[in-house]
Each structure stands twice: as structure tokens, then as C-alpha cells.
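In the two assemblies presented below, chain A is common to both, partnered first by chain B and then by chain C.
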Partner chain A sequence: MRVRKNDRIGIILFLLPALILFMVFFIVPIISVISMSCFNWNGISEAEFIGLSNYLKIFSDKVFWTSMRNNIIWALSACFIQVPLALLMALLLSKKPKGWKFFRTVYFLPQVISGIAIAMLWSAVYNSEFGLLNGFLKIIGLEQLTKNWLGNPDTAFICVLVYGLFYIGYYMVIMIAGITGIDDTYYEAARIDGANRIQMDIHITIPLIKYSMLTCVTLAAVFGLRTFEQVYLLTNGGPANRTSVLVLYLYKQMQNNNYGGANASSVMLILTGAVVIVLIRKLFSIKKD
Partner chain B sequence: MKKRKKNLEVLIIVLLLGLSTLAACGNSANNATQPETSKTNDNSSDEVITLTFPCIWVGADSKAEVFGNMVRGFNEEYAGKYEVIIEEQTDYDAYEDKIRTLVSTGAAPDIFTMGTYADLELFSKSGKLMDLTEFLESEGMAGRFVEGVVDNAKIEGVNYAFPYENAVISIMFNERLLDEAGVEAIPQTYEELWEACEALQAINIIPTTQMTNDNAWTSMLWYSYALAACGGPDVYENGLDDPAFVEAAEILKKMFDYTSSDAIGADATVVNGHFFNERAAIYTNGSWILGRIQTEGVEGLYDNLALSAGLSVNGENGGAYVNAVQAYIAAGIQEDPAKEEAVKAFFKYITEADKIVELSNSSGALFAIDIDASSITDPLLSEIAQQSSDAPFMIGHFQASVSTAVVNEFSAALESLVLGDVTAEGFVEQLKAADE
Partner chain C sequence: MEKQAIKNSVKEKVTLTKIILNVVKWFLIIFFALYTLFPLLWLVITSLKTNAEYFDNPFSLPAVLQFQNYVNAFNQANLGQMIVNSVTVAIAATFINVMAAAMASYAISRFKFKGREILFALFSAGIMVPLNALMVPYFTIFSKIGLLDSLNSLRILYAAIGIPISTFIIRGFMDSFPLEIEEAAYIDGCGFFGRFFKIVLPLVKTGLMTAATFQFLTCWNEFVYANLLTSSPSTKTIQIGIRYFTNQFTTDYVSMYAAIVIAIIPSIVGYILFQERVISGLTSGAVKG
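Our next item is the complex of A and B:
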């Protein structure tokens, strides 16, 4: 369908404000980040051009690679645990069982509660001296399993990850919206053919909300890559940088007044994000074919 | 005709959207620059000169009440002329981030504080700090400070800030818990400390309080005391190459054998919680914590406290004290001389000796302002002042004596040391690597 000239002007005019804001607040800062990543700058003195030295420095820093690995694990767990969990909940709640509105609210609640409040709650759960988890283990006679969950290198990252996995409400709502939009006639036809609920979910619901799922997976991966709040509040990257993530890594570079290094880390974060998004889109389009 | 009308409608909607966005920005911009307007007001104007002061001495801080009263007192005394507006900031790390960002973007606040000489050195390069040298040397100001402290805060002969709060660090023992464990005398050496720790641990009392989060503040103070014992008064002279840094790391590692199970990852709240609630017996912090011990500690804790200077190693370097400037006060450079005068008037007001005495007695903090020591009414604070002045030598705490990068690396390096990832030598190497 050809767009008429007058409509085209209208479209351009409508897009213009958003485009200007996008350029000013997104494209220009990204260009600035890329260029500043080649400078040695403490934020106060004059910046000195040092080429790719900041990149070489962060590549030789094992904390950077630990952070990168943790981010990838975070993004993968968000895509393969968080999103399927959200899908499961969406499938269950879309059938409107008894109390579905209550559960929908409960699952969405973490999204609207302050992250600091939730982090304090979890840090109280994991505390080794008076935490809920150790208390529970003691009650059921498993005292030998009690430990400093957030201070132990073997458990710290898993604990932080588990906390993050509870944020399924956002994806669940997106998928419920997708499910609500499916025409009832599909299900009626399936029922006539003798399909049960699980078969209807697998063969009708899931394929028809594929694009909602794509949105959720993309968002989950992006949120996983830019994770900061949970890690900063629960462990601050510890113990011994075992739970560090890229945003925390670049934040610490900024704390050290190493803005060049922080910008180089940002560039790596942007590149990783771009690669992950391309891979996700490829994955979904392959299935389509 | 219809098409033209449609296009016109589109254009109007777009213009309205654009204008509303700009109007929103413009509105906030106006608000943000309100103090800026008064900044450029000339003297002849009757408008009150306002000074913004992002401040950490608010909320639960032990200085909050009296310092708040001081600011109110200043505003009343100069009513209609000057007004200091406090911007409350309760998180120390967030405060440092905010100040660093403001200074680097050329928008240094009218008045602000800094925690370390390293920050002062860095910010002085911005050209955005007011030169206070003449003011601090002027009549009425020169004699207010403890001898030498203002000169020590100079950067290439210029005072961009003056030292205000002094951190005088003491080791604190809960005597009631020591008695319970059968420890009869306050340890004077590390060997005696380990014995006391064993005795406390035997009756399920946490011997020492340690932490690794929030720059590992109290553990950093323990490390500073260990440095004093291992390296003596000149321990910082050779930088991190001094073998005392490795020896002190071994002491600190051993301390983690006698601490709470949540020490790795613990922050100041956890550490204070253990000591204030008598779960732990031995603690170290600045004198300012006395105010909080009185108000937040369990009943009788304050009366059961015994204070001590540093411990000795192999009979050497005992009795040392650890101190450092805890807060420097600086001002953003002002174009308007009237506003500069307002800043100076405020600095004069908050450095008056009688006000400092009140602030000390209420908070337990000590200051770089010269006051009559006998006017300190708090017995423990007075004891700290006495012990520190009797100390054979004093050293700055580690955080105040090394670069920002080393300060920030300390926490991760300490966790690596305690978890056995690195040896004491490796711990020091990790700190050195951060410095490069």
C-alpha cells in the first residue's frame, strides 16, 4: 500500500519530536561514550587520548570477565527460567481459576515495590546470624547446611539470581494480554476435536502468543544484561567480586574516577546487548521458517 | 480543503506536543536555576542570598540535631540577608558520587563536604572550588583551628577546603562480656587479644566485629591499628611496599577467625547491630559512635565500655592512636562577591568554639577546631581525647592515607584474603594493582 504524500508529512511530523529526543538523549550519549572510551579521564582534569588502552586494560582484568560471565548467566536464566515461569503463570491465570485476580496481583507486586525494600527483605532472609533461611534449616534439623549465603562464594551468586527470578509479574502481564487477544473460536474448534486443556495450550495458545514471548525474552535478556540494583544492594559484587556484573563493574570504575575505563565497559555492555538481541531475533525467526 | 484542514490539525497537535515537552523542561530548568539567579544578584538587591548545602549530617547521623540547630541559628541570625538550605543526603557513598558528579560537571554546590584528602586533591584541579586561603588566615579565623591542621589541608599552598570533623578512632571493649568470659584485663597486645577472643568464643560471644561491605569501614580501621603496630609512626612513608602491610594483613585475617558468621558481606548496620546489642564484645570506630551507642545500644552498654589505644606486636608500637580528618568543608567558586561573603559568614558561624563544644558533647565527634578540652562533658569522649593526646604516636587511618582506587579495592581484596583466594602478600599485591 502506498503512503500518500500528505500522510507521509503527517507521519514525519509525528515522529519528529520522538526522533529529536531519541537523538539527543540516546544517540549523542552513545557516540560520546564510544569516543570517551579512548581517553584517560578522571572526570575533573583534561582528558588525554590513549587509543584502545582502556579496552586492553579491562580485557586483562579478570573481574571484567567474571562480570561478563555473570551477566550472560543472568540473561540466560531470565530467558529460560523467568520467562517460562511467567508463561506458566499466564497460562494458569488466563483460565481464570478461583482467586486469579489475587494471584495476578501477588505475582505483579514485586514490580511495584521499591527494589531497596525487597533487597532488605532478602538480605534478612539470607543473613547467617538471624536469617529466615538458616532459621528454617535449623528448625527442620538441617543445621549443618546453614551458612553465610551471601558471603559464601559457592552460594552468593545463586542467591542473588533467585531473588531476581521472582520478578516474573511483568512478563506474565504481557503474556496474559496476548492470551486475552486470542479468538475463542480456535478453542471451540479444538474442544470439538476433543483436545484437552494442555493440548490447547501447546498447540493454540503458545504459538499464537509467540510474539508476546519474543518481546518477553528480549526484555528479559536486556534486563539481565543491565542488572545492577539487585547485585549492588545485596552483595555489592562480593564476595571477592564473585557476583559482580557489568553495570556494577563500570560503576566501580566511575567510583575510582576512571571515566575512560567506565566508558569502555559501557561500550562492551552495549555490544553484548546488541549481539544478544540479534541472536534472540534469529532464534525466533528460524523457528518461524 | 478537507486535506488542508487535516494537515493543519496534525501540525497543531505536533506543535502542542513539542511545546508541552519544552514547557516541562523549561519549568524544571527554571526551578533548577533558582539558586543560580540569586547567585548573580548584585549587592543592591534586597533578595535573600541562598546557599545550598548538600549535607550528610542529617537523619540518623549523631551530629544531625545540633548541626541542624546550628544552621537554623545561622538562618535566624542572618534572617533577610542569608539563608542556608540543607539538601539532606543520608547515604555516604551516594553523597560522594553526587558531589563528584556535580564538581566534574562544573556545578559544585555552594557548600559541601569531602571525606578524604584524595578527593580534595582531585576536586581542587577542577577550578570550581573557592580559594579559602586568605579567609582562613584572616583575623578571627587563623586561631580557631588546632595547630597545623589547616596547613595540612593545603594543595600547592592553597586552601580549597578546611578540615572540620576529626576522626579519632578508639578500640572499644564491652567489659561486662569480657568479665563473663573470664577476661580480667583489657588486652594490650595482639597475643592477649587472641586469648581474650578464645575465651569469648568459648561462651558463644562474637569476639570482634568485622565487615567487608561499604568499603569495609570498621575492618579497615582494625587494619589501620594493625599497621600502626607492625609499621610504627612512619608506616605510610614507603607506600604499600612496606612489609608492615603484609604483616598487618595477617593480623586482620586472623581477626576474621574471631568474628560473626555474617562478616563477609556485612555492612556498618550489621557490625553496629552486633556490638550495640551485646552480641559482640570488641569493636572499633570513631568517637562519633559514642552518641549512637548511648541512644541505640542496649541499656548499660555505654557504662560498660572500656576504651583502648592500639595494641602492640612483639612488645612494640603499643598505645598508638589512629586518626584522620573525617570531613573537609569546601565551597563552590562564586562569581558574586556578596554570595562569597555569605559563605564566609556561614563558615565563621559553624567554627565558633562554643558551638563546636555543643556539637562534640551531643554527638561524640571531635573536631579540628581548637576547644578547651575540659569543656567536653562526655566522660568517654573526654577519655578518648586524653588517650589520643597521650599516645606515643598517631597514624592516619588507611582510607585517608591511600589513593581512592586502593580504598575502593580494599573490600574485594579483604574478601579474597579471608576466603583464602590470596595470601597476605597477594592481598597487598591486589591493592598495588588497583593503584596502577
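Our next item is the complex of A and C:
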């Protein structure tokens, strides 16, 4: 529809609420995080310009690098374990086996429950005294394997990370949507050529849902980088900061009134996210040729 | 004769691999279902036990169903107040969010004006912004306007952070309707606002409901900012409330599990009732994005 003169005011009026909210809570905060990362500021007194000192400080902090490493492990395992598992289940369920709707409903369920409730559930699993994991090990006679899963520096991080990797419903649903959109004639042609189901999956389905896979990998990486609730609730970064992640790191700096350092960490987080998104897009377009 | 024997052995091999593949397939399908369902079932059962029973054996069934735990959760943690808080926050934030997004979508989808695609791309890019990285600015904004420890801060913030995804969903629905319908109404003398309220909004009802479902779930489940921006008992939301029992000197586990059940039941019931809408709401941003 062409813009008519008397519509102009309406258009501006209608854009305004969303635009104001977007400005105040997206654009301005991002600018403020970037600019304030160059200031020494405790949130109360006057901020003092200190150039890149906040960055130098966090770069020389071991906990920052532990957090960064943990986030990267998190993102990589989501991309290389969770998404492939989701792809496998999408391939299985898209053939509509018995009860596939029920299973899809179940797999997607964790997505609608709050992360904090799920994390509390898993802290019951890992609890050293009356946790389900230790209880199960005792029942099957492996009592020597029981341990304080979240208190042990060797197991804490993997425990916090691993449980979410098997919640595959979200990515699975995205990929099923991709598979449903594939034209049936591809499969008919393959059937005439005598291809079996697995061959069809590998040579037809997977290449044709590349776009859905790109979406899933991007989201998995981005979610891996912004992880917070699980770690905050299960270990709060401990033992000895071994399980810290970037958001928790910046949260703790904020709690210590080191707002400049927190902002520098935020910038690093946003930058890492942007780099990862660009990298994944590049990788996928290289594959295409 | 020999030929026949070879044929038979090949056939046997084929059926054997088929059987093995089938077993593997069903093993996977059932494994992922149990992985989601078992902890939830365990949670419900344990929430009906006594603490002594729980400490004694985390896998046992309750001798007598302890509905008292649910009463405790409500009385001690003041869950009733928290549920009211969560519901009013979620309703207000969802309403503001969906209205603002619908109005912006109407302007973007129905009228050609300079910069509208740039504006839409900007909104869409907001989906990828790691909001957890913006803790410092959000905290500063609300402390400056004096809304710290007020539910209004959550109402505004939740409405704002959902703008990108809601605009994305609603615009998609609006674009799928031809402009001719409104052209006719325009000729009949229907103005800018009349066309929006009388024609476009009723047409995209499904889109509005999809965005609203997604937004409501996000608000109900949100933890990070509720934790950061509110502190007194009267402003706590349900996701903060379920941690009440862990902050006490002795943890009343079974009441805590009852509280978790109360917190996740609305999500699960809503999900089962509006399943298709929830799934498409939670993934539609991703499918195209």
C-alpha cells in the first residue's frame, strides 16, 4: 500500500512504542556497555576514564580465561553433540514411527519449563548425600564410583554442562520443519534408483536441510556463550572457579561494584558471539560450493 | 539351487540389519523420552514424601502422600503472592509487547516508507543479542528511574526484550495477507486506525496468539533479571520463590520440590493445551531467522 498523506502520522505513532523500547533496551545499553568499559566506575561515584585498563585487567585474570574456555567448550559441545543428536532424532521422527507426535511433545517439554527449575532438578540428581546419581550407583553395586559430583573439580564442569546436551527437542523441531518442507519427488526419484532409507537421509535429506542446520548450529553456539542459570544455581562457578562462565564472571564483578570490569566482560561476550555467528555462516557457505 | 541359497542368505542378512536398526531406533526414541520424563515423574513423587523418607532412599515411594508439603510451600515461601506477581507481570508485559509489536508490524508490513527494511533488519538482529551481557545497563537504567525492586521494572523490561521476536512473528503473519483487503476498506472510507483494528488485527489473530504464548512463557520462566532487579519478598516472582527453601539454614527438600512442581505446572498445562502454538512460537523466529 502506498503511503498516503494522512497515514504518515499513523505510521510514526505506530512505530514509536516498539522503537522506543528497542532503543532504550537494545541500542542504548549496547552503546553504554561499550563506552563504559573504558571507565573505572563503581556504580555510585563519578566514572573515571581509564582507556583499555579494564580489558588489560580482565585479560590478566585467570578466571576470565577459565570462563571463556568453559563457554567455548559449552558452545562446541552443543554444536557437535546436541545438534547432531537432534538431527538423528529428527530423521527418525520425520518418518512418523508409531507415537511420533507423543515423542515430539515429550522431547520439546524441557523447552517450556524454566531453566532454573530444571537446574534444581539436576542438583537433586548430583547431590552427594541423597542424590539420584549416587543412589543409582549404589543400587547397581558401583559404590566406589560415588562422589561429590558438583564439589569435585574434575567432575563439576562436565556435570553442569552435560545434562542439557540431551534435551534435543528444540533443534529437532526446527529440523523436522525443514524436512517436512522437502519436495517428495526427490525421494521418489531416489526410490526408483533403488536407494534405501539411510542413503536417502544422507544424500537427500541432510543436504536439503542445510539451512535448518545452520540455524541450529548458530543458536547452539549463541546459547552456549550466554549460559548462566545452570552454573549460577548448581555451582555458582565453584569449586575454585573451575565452572565459571562469562555471564557469571561479569555478574560477580557487578556484585563487587566493579562496573567497568563487568562492562569489559560484556563487550568480550558480545564480540565473541558476533565472531562465532560470522564464522559459522562462513563455514556453511564454504561447504555449499 | 545354489542361486536360491545365496538369495536366501542375502535376504536373511537384510532382515537382520533391519531388525538391529529397528531396535537401535526404538532404543534411542525411548531413551530420550525417559530422559525427559523420568526426572519430572521423580520430582512429583518426591514432592509427596517426607524428608525422612527422601533422605533414607531417594527412589522410594511415599508411604503416605504428603500433600502437607504443598501447603508448606504456599505458607512458608509465600508462593501465593509470588504466583500473583508472576501472573500480573507476565500479563502486562505480554500485552504491552504484543500490542507494540503488532503496531510496528502493521506499519512495516502494510506501508512502503524509507528505511523500513533497515528497521526490520535491526529488530531481527536484536534476537541474537546476548541479553545477559546487558546486566549493568539494565540495572543502571532502572536505578536511575527509581524502579529498582518494583514489578514495573520487570513489566517494562520483559515487554522490551521480546520486541524483536514478536515483531518477527507478527510481521510474518501480516505479510501473508494480500493488501487488496485493506484497499477495499480504504475506498469505503476506513482510516489508518480503523483498518488496523477492524481488519488487520482479526486477520492475524493466530500470529498474535503465537507471539503472546511465546512471550508469556518467557516472562513466566525468566530468572536472571528478576533476580537482579527485585529483592524484597513482596516483589519476588515464582522462579525466585522456588529457591526460597535452599536459602534456609536447613533445607526442607520435599517442600522445595513441591514448590518446583507448582512453578512448572502452568507451563506444562499451557504447553499441552496449546502445543502447536507453543512449538511454532518458540521456533518460528529460528526457522526463518
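General remarks:
Operating definition for what follows: the second predicted complex is superposed on the first by the 264 of 289 C-alpha atoms of A that agree within 3 Å, B and C clash if a C-alpha of one lies under 4 Å from a C-alpha of the other, contacts with A are read in each partner's own complex, and residues count from 1 in each chain.
By our rule, a contact is a pair of C-beta atoms (placed from the backbone, for glycine too) under 8 Å apart; a residue touches a chain by one contact, two chains touch by 3 or more.
Fair warning: this is a prediction, and the values are worked out from it, not measured in the lab.
Once the two complexes are overlaid on the shared chain, A:Ser128 sits against chain B while remaining clear of chain C.
Here chain B and chain C are compared by how many residues of chain A each touches, and C touches more. Within the superposed three-chain model, A:Asn148 lies in touch with chain B and out of touch with chain C [touch as defined at top]. Touch criterion met: A:Asn42 reaches chain B, while chain C stays clear of it. Once the two complexes are laid over each other on the shared chain, residue contacts for A:Pro17 go to chain B and to chain C alike. When the two structures are aligned on the shared chain, A:Asn257 is found in touch with chain B, with no touch to chain C.
Contacts of A:Gly115 after superposition on the shared chain: chain C is touched, whereas chain B is not. Once the two complexes are laid over each other on the shared chain, residue contacts for A:Ile270 go to chain C alone; chain B is not touched. With both structures placed on the common chain, the touch criterion links A:Asn236 to chain B but leaves chain C unconnected. Overlap of the chain B and chain C contact sets on chain A: residues 6, 10, 13-14, 17, 21, 43, 129, 254.
On the side of chain A, the complex with chain B involves touching residues 6, 9-10, 13-14, 16-17, 21, 42-45, 63, 127-129, 147-148, 150-153, 156, 235-241, 252, 254-258.
Partner chain A is touched in their complex by these residues of chain C: 25-26, 28-29, 32-33, 35-37, 39-40, 42-43, 46, 54-55, 57-59, 96, 99-101, 103-104, 106-108, 110-113, 119, 122-123, 126, 128-141, 156-157, 159-161, 163-164, 167, 179, 182-183, 186, 191-193, 196, 217, 220-224, 239, 242-243, 246, 253, 256-257, 260, 263-264, 267-268, 270-272, 275, 278-279, 282-283, 286-287, 289.
Residue ranges on chain A touching chain C, taken from their complex, read 1-3, 6-7, 10-11, 13-15, 17-19, 21-22, 24-26, 28-30, 32-33, 36, 43, 88-89, 92-93, 97, 103, 105-117, 120-122, 124-125, 129-132, 135-136, 139, 166-170, 173-174, 177-178, 212, 215-216, 219, 222, 225-226, 228-229, 233, 246-247, 250-251, 254, 259, 262-263, 265-266, 269-270, 273, 277.
Within the complex, the chain B residues that touch chain A are 3, 6-7, 10-11, 13-14, 17-18, 21, 96-97, 100, 103-104, 122-123, 125-126, 212-214, 260-266, 270, 274, 279, 404-405, 408, 411-412, 415-416, 419, 421, 434.
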